[in-house]
Amino acid sequence: MTMSSPGKKLYTVLIVPLIIFLVLPIFAGSYLLHIMIFIFFYAYLSQCWNILSGYTGQFSLGHAAFLGVGAYTSSFLFSQYSLTPWVGMFIGALVSLCVGLFIGHICFRFGLKGAFFALATMAFAEILRILFLNLPSMGGAQGLLLPLRGNAPLLYQFEGKAPFYYIALIMMLVSVAVAYAIERSKTGFYFKAIHQNEESAEALGVDTKKYKVIAVGLSAAMTAFGGTFFAQYFMYIQPDNTYSTFVSFDIMLRSIIGGMGTVAGPVIGSFILTPLAEITRSFLGGKSGAHLMIYGLILMAVCIFLPQGVYPGIKKWLTRFQSE
Amino acid sequence: MLHVNEINVHRGRVRVLKNISFRITEGEICSVVGPNGAGKSTLINSISRILPLKSGSIHFCGQNVGRLPPHSVVELGLVQIPEGRRLFRSLTVLENLEMGGYQGEGKRKRSETLQMVFSLFPILKDRKYQCAETLSGGEQQMLAIGRGLMCLPKLLMLDEPSLGLAPLIVRIMFDVIERLNRNGMTILLVEQNARKSLSISDRGFVLENGLITMSGKAEEIASNEHTKKAYLGL
Amino acid sequence: MALLEVQKLSKHFGGLTAVANNNFVVNQGEILGLIGPNGAGKTTIFNLISGFLRPDQGTIVYKGKEIQGLTPHEISRRGLMRTFQTAQAFPYMTTLQNVMVGGFMHDRNRKRVEKSALETLEFTGLVEQKEKKAENLTIGDSRRLEIAKALAGRPSLLLLDEVMAGLNETEIAEAVELIKKIRDRGTTIFIVEHVMQAIMSLSDRIIVINYGRQIAEGSPEKVAKDNRVIEAYLGEEYVIE
Amino acid sequence: MESVKIIQKGTFIVLVFLFVFGLLPGESFAEPQKIKVGIVVSKTGPVAFMGRDALLGFEFATDRVNGAGGIKSLGGAKLELVVGDNESKPEVGMSETERLIKEGVSALIEGGVSSIGFAVTQVAEKHKTPMLVPLSVADAITERGFKYIFRLDFKASWTARDTLRCVKWLGESSGKMAKTLGLLTEDTMWGQSTAKAWKSLAPKYGFKVAGHFPYSKKVQDISPTISKLKAARPDIVLQCSYLNDAVLITRTMRELDFNCMARIACGGGHSDPRFIENVKDLADYIFVLHMWHHTIKGPGTKIQDTNAAFKKRYGEDINDWASYCYDAILVLADALERAGSTDRQKLRDALAKTDMNIEDSDIIHPFPMRFDETGQAPAICPITQIQKDGEFTVWPPENAARWPIYPMPTWKERGMR
Amino acid sequence: MNLDTIFQALVSGILTGGLFALVAIGLTMILGVLKIVNFAHGEFLMLGMYLTYYCYNVLGIDPYLCLLISIPIFFLFGVAIQRILINPVLKSPMEIQILLTLGLFFFLQNAALFFFGPYLKSIKTGYARAIISIGSVNFSSTKLIMFLFSIAFTLVLYVFLKKSDLGKAIRACSEDSYGAMLVGINVRNVYMIAFGIGTACAGAAGTLLMPVYYVDPYIGLTFVMTAFVVVVLGGMGNYIGALVGGFIIGLTESLGAALFTASLKQLATFVIFILILLLRPTGLFGARRM
């Protein structure tokens, strides 16, 4: 099992889309950039989710909690103490890490699994949402409005879209790199082992609880960076658009559609789902509800016809096609 | 009565049963002997139609059952008492038995069969309103058999009926099996305790690694050197 | 010298006594067999020793230290490893990756772990199956894999739980050879097995349990002649009252 | 290697995707014959009902402007509405605003709740595209130093001011001065900020706050809150409620026999015509602060005529949201006329110089339409009372159509218990 | 704190609790028998309310009479959904099942928006005006009817599950579907019937709720979230647990609103939820017990 030759090939294959992505802002309009930012951003978040739920198999329905904690921490520090979000995002990640470790610790300590863990994470996110709705110091329901400072790169604020585009791109690439590194490391082996057979992993010396908590913590901290990006891009956050269950759904859908537990899944999922939402909305937005109906239909179709996600499904189909 | 013809069964991508063929004639007890994981339970489950056949056919009383859903197979009188009993643990003993006579003929004759089961296992009558899970292992096995009898089987397939039971209970089980047989029921018996099961059987075969490696009269198998060594601990 | 010493070990499930007051030792370098009827408590004893169950009573001393109450991964890190009755591989990983999971216990360097995992596969005769997904292995190979995974963790005491169930005669012979080879490398083995020919030829000593109680202990020859053992396990006719 | 295949296929998907989007035209500006006006409203999502009403206002006004010959200084160019759906979510609103700007609209009009207003105004400002704000009321929207944002309607805090002025006027004119206020608000941005304003303003007008009772608008049963309100015995209940909770509260108040001198509700659900539809006569005597009401007394019959034309076409009166959206189009048309250009910069400058009023233009709000340096118009909030035979403007007195019934009779006196 | 307020809160809590129980019983049946976490359950409730609304406003059928229509219609609707959508994913991993019900959720919600419009709708019946006062405690007669029907419905369902063959078969399947198959129960049919009954419960709850509440396309999620809490509280697949759990959550919410503020009351619900998950994951009354 040598990596050198396929490895080289991998780099050459990677380089083409990378160059396209790098030069895209030169000729792309603002709208296309905006969509691309969304794609990268959701690919990033979904990859964070994937690290926990795809690899370790601990299904989270409450990733909005970590997004919200990240967004609120950096934005609060920025609006109250003028701390640049570049620093704030690391503090946000730290806070989110603590929240993640806390949630992970108590859930796994009591041995929550499967649907129970999923519902518990959803409840935690709801608790945070209700809490922040009622915390006047965090802006309560009014949310936090970030002070506009014009073009201030040092404060994570930019005139145009291109800087956000590059930040989102870098975030996505970093998350992919992290997932790739994890997949090949001891930790990744342990994550997958826990997913596939927890008892057996335990017998092979894997501290399953510790590694599950690590997965939650890592995923939470990474998601928090996304929160800061979200806040800086929109310049306005409120509990209902950060902690909402729908945000969690949005995050996880991309991974599931693309293929859970694969490095490429979340990215592919985001490249499918984000434009899909845009396209259905611009073509079917005329009649209320029509495009989201289609969206729901597509989700159901994926479940029934491509239950492993689009990427593994297509791969399977392709190999069958080739062999015939 | 039962004619299994060249069946192949896969679990995942592993071929568990390889071209298995055998017949069971009415009124006999037939034992399947073999090591763990050889495919004995898979065999029974494919006859019960829980597992799909890759190829081959199964005929029961002249009817092809290879495509029927599991519940129709039961209705025909081809009933399995599964390994691990699979009782409805929070249902009462009576409810468990009633579920046995859930459909067709079994439902119509429910009260008669119930009397028959209670006379066979008087202890169940005493425990009628208890939850199944509060029974002891032996009682649970009796209930499992009783529940199977409620389906009015023509051919009863028992998967490891003595598993984890005390010797005394095992004896009762085998007594019951013999008694049922004497009353005209055909029985297919899968047993870990090969010596015991062969001793009450008319015929038997050895299933190893998904293949039938030996078949014939029960005494022949019991006296064979290989089986003696491998399964009879002699 | 006693590598593992079990004293007054008991475990109840609800009203059922699964293991009652067991006392035995596993000596350094031996192969100890454990037999008994289904449901006699063999697997429960393995679960108690390997930390998957907590004993209600009793002590388990391994390498001079009490280990009851430790979690399974802590115990396996001390060199006491086990296999499972039903082969429990990681179904979507390749054989090699399965073994690597065990190998990561002592080393985080992927290259080195991969190398030693290959050696383990070689040793267990699985090297040709290294790229195969575990779910697609045959029964024989998945039993080997079960052993290989544990071996990758370099155990000093290996608990083997029915690793020969479902194997044919040649495979059983191979497995016996493999287990002997493992012992010769210096690993002590404690084995539960139903295949009589194997356990009789492998074991230095055998413990027989029934209803959670030890009913006999000694050399294979002695145990095979023991009346209680024949009655409870080997399947002699029961005395009719 | 598996990963290589993943990447290959990923690249393929990316290329297909870029191809599809690459085919879409880049930024281009509309032909002068048609002036594209971008509208971002909630067509779906929880506030979709609002978007629907807003669209009626937009459509009606657009047809009116176009029917009267379009923008004359641009050769009779017609307005063309390009509508984007924000799905009641800020981020989608941003995305749609981006899309509309890309499609080359000359100006944008927002039509949603404040949280979305924040997000979309930011996009407009960034792209230096003028945006009219007819519906969002959060104070901060015009307090961020933006240059391209013009708000026609009032700030949220002004509703607190105007309701308290009304309460005081009610007391003075009837001689029965109320002393204590009970605040019953939903707990999102709108309710919380209004309650805050009420609390800080109440002493200035001589009132005491007897209690503040926030609740979630998704409430499944409101009776505990109402029974707490009842225990606090306020003279006046001031409310911020959406439609569903307004219906629930009104029913529950009768159920628990809660009485007070007056209930004054800030727009929202109470100003929705479907409120009365859903509670029928339970709604009587409630004062409702509106953005606008068709019974406002204005000069001549202009308001009545416009409303009649609207009603003829859509079968309903112009409601609050539609009224501001209607005016927004007129303000935009006026600015386009004066700018004589669809250039966004020129249009912005023209908008900043807007000066219209109800006497000599078609707008239907009885206050001068001009924007201060923050882009805020000096809007007032008329207050109506729901009476047996309909809903009528009762405050401010100079625009009132009826005299208020104050204090309101109890449920028993009304024979409803 | 005023004592009247507490009494009022207690009564309202119990009345609402009955409804929560009815919604949760449907959900718990689907969870217990099919092991499906059904996010679309609230949408069935929402559709039930629309059905009642149109029956009343267009056909002039009394809302309580409409139960006779909504229960069979929603039963058949549930059967169809199970056959077409749920059956293919029964053996899929949990995340796919969740994704499917989420897809269904999006679809139904927006279909309602598409066909019924975004507006809030409510109905006004003559007897909705009647109010019952006991001392200082007041409540409308419709709430009482809703409560009584919910309880009656739950009890009928309980007796059905306890006494009838089909009911026992449903319980048998939720215990051990494999064992059920082996005694000749048509498990596929039982799954369909169980899903149908679960859906019918939601539909009936919608009908009962209509005279008290209002409907718009978005009300489903709030109810389904509460119902999840109730289900976990009572133990998955536990019908009496769902009934008791419904009362507990109803009381928690109304007392929470009375003692703290209404906007924080849901916090109490979710905190209870997490505590139950952690300390008694099988629910207060254990999972899958009658």
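When the chains are written out, they are named A, B, C, D and E in that same order, and each has its own residue count from 1.
Here is the rule we go by: a residue touches a chain if its C-beta (ideal position, glycine included) is under 8 Å from a C-beta of that chain, and two chains touch if they have at least 3 such contacts.
Bear in mind that the values here come from a model prediction, so they are computed numbers and not experimental data.
Trainee: What is the touch distance from chain C to chain D, in steps?
Mentor: Minimum number of steps from chain C to chain D: 2.
Trainee: Moving step by step between touching chains, how few steps can get you from chain A to chain B?
Mentor: 2
Trainee: Quick check: more C-beta contact pairs in A-C or B-C?
Mentor: Pair with more contacting C-beta pairs, A-C versus B-C: A-C.
Trainee: Hey, which chain ends up farthest from chain C, C-alpha centres compared?
Mentor: D
Trainee: Mind checking the centre-to-centre distance between chain A and chain D? Centres are C-alpha means, answer in whole Å.
Mentor: 35
Trainee: If you average the CA atoms of chain A and of chain E, how far apart do the two points sit, in angstrom?
Mentor: Distance between chain centres, rounded to whole Å: 32 Å.
Trainee: Calculate how many whole Å lie between the centre of chain B and the centre of chain E, each centre taken as the average of the chain's C-alpha atoms.
Mentor: 42
Trainee: Specify, in ascending order, the residues of chain D that touch 2 or more different other chains.
Mentor: Counting only residues that touch two or more other chains, chain D contributes 44, 48, 52, 187.
Trainee: Going through chain A residue by residue, note those that touch at least 2 other chains and give them in order.
Mentor: Counting only residues that touch two or more other chains, chain A contributes 133-134, 288-289, 291-292.
Trainee: Pull out every residue in chain E that's touching 2 or more other chains.
Mentor: Residue numbers touching two or more other chains: 110, 113, 117-118, 261, 263, 266.
Trainee: Quick one: label the inter-chain contact graph as line, ring, star, complete or other.
Mentor: Here the contact pattern is something else, fitting no line, ring, star or complete shape.
Trainee: Which pairs of chains touch each other in this structure?
Mentor: Between chains, contact exists in these pairs: A-C, A-D, A-E, B-C, B-E, D-E.
Trainee: In their shared complex, at which residues does chain D touch chain A?
Mentor: 1, 3-11, 13-15, 17-18, 20-21, 24, 26-27, 43-44, 48, 52, 83-85, 87, 89-92, 94-96, 98-99, 101-102, 115, 118-119, 122, 126-127, 138, 140, 144-145, 187-189, 191-193
Trainee: Can you list the chain A residues touching chain C in their complex?
Mentor: 1, 184-186, 189-190, 192-193, 196-197, 199-208
Trainee: Going by the contact rule set out above, which residues of chain C touch chain A in the complex?
Mentor: These residues of chain C touch chain A: 50, 52, 71-74, 76-77, 81-84, 88-93, 96-97, 100-102, 104-105, 108, 110, 113-114, 130-131, 149-150, 152-153.
Trainee: What part of chain E is in contact with chain D in the complex they form?
Mentor: Against chain D, chain E makes touches at 2, 4-5, 8-9, 12-13, 15-16, 110, 113, 117-122, 124, 129, 131, 133, 138-140, 213-214, 216, 218-219, 222-223, 226, 250, 253-255, 257-258, 261-263, 265-266.
Trainee: Sort out for me which residues of chain A touch chain D in the complex.
Mentor: Per the stated touch rule, the residues are 3, 6-7, 9-10, 13-14, 16-17, 20, 24, 29-32, 34-35, 38, 133-134, 140-143, 145, 148, 159, 180, 234-236, 238, 240-241, 262-264, 267-268, 271-272, 275, 278, 281-282, 285-286, 288-289, 291-292, 311, 314-315.
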